[in-house]
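First chain written, first letter: the chains are A, B, C, D and E, and each begins at residue 1.
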């Protein structure tokens, strides 16, 4: 990366196809602008996201990970995000317990019509992670790790 | 201790003589008087090898998974923690209750540091109880070590876990001794899918450590075997302890292995679960 | 020659010049061979928990990097610093002899191991304290001597007896000349508390009990098939080769593996040649005590007792030896 | 090694204008496994699609990545395209570089870099894709309609007329629901019986319709096309095959019980028909009120009197199971129990404060007063009548914020009827708003006012008795002062609520309800008569308050949906569902617990293990039920169950590709 | 044991004097122990209530704190509806939020746990024990006298705090006062507004409200109205003649406190229940009832 360029974090966002992904598309349709350091990974439901994927993302060098889904009660598959809620309320604490800055991992409920909320969430998380700097805790790209 | 031992030997001999059980899993003394080893008594006359003393530290329950489809019943000498392990395996559908004949042993604690934090010294489920039940210990905080860890700053915790996981030599003893680890093929052995690298470095070790904590966290019966067997003395119980503490705080008081049909916390939900997400 | 213990530190700094010096020491509560950082090495007391194997045969060793795409490049990794292993005991010295036999002398020479071995100078020391599980004497070793070490230090109370067994050792001793004085030191008399009935004949007979199912079922009953014994054993040398792929480029590496793992014998198509723990532990014991002997002329077990102290199921190879010794005699 | 083709779309200037598409295509070309990379102005156009077809042929590509707009837009377009190429339609991944990249990032350099990342993720994922083939599910061409009000009747008739078999269930002893209770219907003032009884008899006579009254759904299993339904038919104690409906037993029965049909305005006997035009026109015995069945007295007079011996006190509930391809829920509504909610209106103390339905029974010729409007207390003709609207509706404090839609119209109808039938009557209607959203509705409301109905805008705060009159004390917000209107009778237009046991029924059908209990439609605007469970449809007020015209329209729509389903012998299920690797599955049922559709069950299989042939439990996915959410895949520790199209390997590769 | 902490409130010695002396008579008769809270302060009903939330909570909270310290373990009996409403509001606010509690403790400088329950006099007498005691003592039945029980607003509203089931027509006072032999009529203005303090600042607007109550009581056959709060009693009793004069009505409906009827039924003389202090003559009606019932003694 050219030295003078401001460091840009790499943030992965697991987005549920029915709500958040639709919201993100809607943000696009309305030509809303938000930072370019978030990459969306589409999953059918936020309950498809295995906590191991989040660990994997941090291991491979992501600086921030988001898991976004429908608001509890609106899940297209009725109970998907209830499991998401439990799994990641616990993972958030486990990551902090293991020394990873909690702000690096965010879970948000964003519905298909909340385009603005998607934009603001991305902006907020991007700013948070940029302040924290590169992820060094869990990152295998550091020198000594083969 | 000794009258339990004689009762144990006598009942084992009778069970083997009547052919009610195929073999009895218990403990026998190993070389040196301060060590015992799990024993698999198949013949009635060998029942004398069974011992019960404060060095019987190995958990006997997990050996039921080494023989998932036995021809006959298997008798197993089970302390409080072993019966919780049996409940764990029953809840996970890995063993059938009718295959197991449980000789319950009320235990006042063996040479294992977990016994200071044991709330279930009396067997929770048994076919026979060899001895009167003992008084349960309640004067301890189940999550003392976890709370102590949480006092540390984020940086301290990061440094501590990085050091601990650099020690790990990935011998998988913690996995092989854990009653909650009952998969036919562990994710770590499925190199083709690409979950876990084979290389030994602190990051792969952390991925393994955290993933295993997450897999067993909401089903951990706090038997302490993982810490006992770890050759590198990693504080593994801190990870599962933290998971249990979280389940406790978020989903109501939570303890595993108390019954044979438990639903793990992360395998179910409640409409008004705690939700601090935006 | 004699070396005053007070000058040990100076010798160590000579050894550490421009070279990596490994001495026994505590790393996060685990006694193992570590890079010397000026502290006094823990030479006495029990042997290290982790063997020096990691220095010559690392847990994970980068073999080569590669880049795919139109023109594939493969760059072998060659950088290898000079190393010195200080404070080795007789049992660990014999384990290096075994490894040398496997990786260098017999059959295909492993360039990675050979390169490391060539650049390593070994300074052994007389065993100052046999642990409760040590039985090296039963395996035909003398705890107070290490004939194949470059330099051997015997313990003479306030000073060490220094002798060089190889030219490299002798060349190295020249640098110590300033601190060496004439005179020799009597051999110390450390002995093992444990003495299983191991012998060359037993090693020959062991393969005879291969089919004794009842014995093996009883012996292997408690085993939980973890890799602890393999990874603390100084002589286990099995490894697996894999790639850390990062999208078309990456690193091929070699890492420790254990015959006790379920997927060790997993063949393509799912067949497993040793599916049960009985077969695997039998294979391990017989490899240690019999098969290796047939090929390399020495047992693959050096009697250091590390597997006995660290086995979660409290299995004990010494007890196994005694038990099979009875069976083999009649 | 995969042979991937990457196609970057300009989308006119939408993408090309915001990021360097050529650089993205060039970067894609260098990715591992990519054999061909190109960019084109409009990938979704004919020429664009042809470009893909040619490239597949020329470079023997076996998987495709399209970097273009959102997969929600053109994923199906490109899947259809692949159908007529050797490449399986599911060997395709879309990188969304328009809605989520070009359109939302101003900085051209950053947008391009992100597009390269997104393409790299798609290429990494597609490398692990496997060809998928749809599964086909047989369809039983038989429909079940639950609830035989006008909605259920209309739906059953339409489906039956389309030539399919229908079973029509009704909880009560006669069909007709609430409509048959009414006297006239707005806005045409048709007599309700005249337009609903012909449909009821048509249902009874229709060869394709099996009518089962006194029946409820006991359990529902299976999935779209193959619902195994158990139906419980309550004991009737009258053998309808023999009985001719002469009614002799009804005249002799000594028991007197409040008539539910007549809204407790009068009583009925234990052996009874709810109303004269009941269908089936044969009585049933109510076990709670028949003295013999309660065991209080010997009685049995009806059995003695019956010329044909049709009475059978030993009759038992019957449990019938059958397989249905589709289910239509038409359970209708009930009126809210207003008394506990409104102590300020006397809380049910005053018998002359009645509900709209009670009024309908008063004014109905077959009602307890043969159509003469007589107030229940002293059967006198009420001169002053007050109609209070929105009782229980549009009132968060009373627990229901919604509007019940039909009361504005039927309150105008009530006012019109009273003014017409009682000369010199004075009718006051307290209202918040009058909503007349249908054809001729506004004109109907004008006529009611022209007839002399006095509309006072304001809510009634209190109804109390004073000097023999019921004083309705409220406020006239237009005049800005309190007002007290003495009345002889007060009609409360109470809110509609879902049927009592609707939540139980929805649980059996795995469909959900909203907070009030109205059945949740698949999409309020685009799929109002479908539910989340494929094969289960909705009609009428069970989905939300509505009037008869809307109900009949929805019934027709639901019937059409059923006929669409039945038009094919089998349904193509999506292939992106879960699949189990039985070798890895240890039968721990973690997946069984998390599946919202009960699509994963444990099954016993024969398996060769080390100790010989054994039986063990493994998870099995029911292709018909699985909707592809993937909760099971995330819950499986060993990765035995995986969601095809979003497998663990695919997602792991996608995550890895992000940070290279 | 009929033993409660007792919060009289300011109107007991002023407008509610008849209420106080009949309560004292009644308490003596049935052995009800009312332990007055020492150094009690204004309950914050009138002015404080309107001025600010924290003042309106801190004032009653101080009384609760004293009761907890000096009369531990006793529930608090509050005869006046307004005081009852304030003390209850403070108790509920403290129990429901620790943050409110710490704020109040900060203002008053005293710790308060609010574990005592707040009861109206009707609640106290309505207990099984209270009813038994009153029934036993009320020997002189006032048969034939038809009364309408008027609750006013603060003993039942706001429902969220009082938790009363049917806030439009409660039944508790009927249950208790019928022990004195009177017949309670069924009428609909039990909890209708009496104009409260507006009788003072906007009499012409507030007067019809009281007239409305009399009209409904009369049309349902009531010969007297019974209240359980000094404010209700004052507003009805004081305004009756003015209404007759100004609105041309001819109501002859005396207004009694329910404790007065009970006391008279227990043998109290007119003076002992303060009948002479009423604005609208209240003696004649009672006297004629007793005479007709032959129980004048």
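In this section, a contact is a pair of C-beta atoms (placed from the backbone, for glycine too) under 8 Å apart; a residue touches a chain by one contact, two chains touch by 3 or more.
Here the structure is a predicted model, which is why all the values come from computation and not from measurement.
Counting only chains that touch, the fewest steps needed to get from chain B to chain E is 2.
Under the touch definition stated at the top, chain A and chain C share these contacting partners: B, D.
Ranked by distance of CA centroids from chain C, the top chain is E.
Relative to the centroid of every protein C-alpha atom shown, the closest chain centre, again from C-alpha atoms, is found for A.
Each chain gets one centre point, the mean of its Cα atoms, and the points for chain D and chain E are 53 Å apart.
Taking each chain's centre as the mean of its C-alpha atoms, chain B lies 48 Å from chain D.
Inter-chain spacing, taken between the CA centroids of chain C and chain E, is 94 Å.
Chain C and chain D have Cα centroids separated by 72 Å. Each of the following residues of chain B touches two or more other chains: 185, 187, 195, 199, 201, 266.
Touching of two or more other chains is recorded for no residue of chain E.
Taken residue by residue, chain C touches two or more other chains at 60, 244, 253, whereas all remaining positions touch fewer.
Those residues of chain B that touch chain C in the complex are listed here as 30-32, 35-40, 58, 62-63, 66, 163-164, 166-167, 169-173, 175-177, 185, 189, 191, 197-201, 225, 228-229, 231-233.
Chain D contributes residues 343-344, 346-347, 462, 464-467 to its touches with chain E in the complex. Remark: chain C residues 68-69, 246-248, 270, 275-276 touch chain D in the complex.
Interface residues of chain D, counted against chain B in their complex, comprise 583-590, 593-594, 602, 609, 611, 614, 616-617, 635, 637-640, 648-649, 652-653, 656.
Chain D contributes residues 70-72, 96, 98-101, 103-107, 110-111, 113-114, 117-118, 121, 510, 512, 532, 576, 594, 596-597, 627-631, 633-635, 643, 646, 648, 651-652, 654-656, 658-659 to its touches with chain A in the complex.
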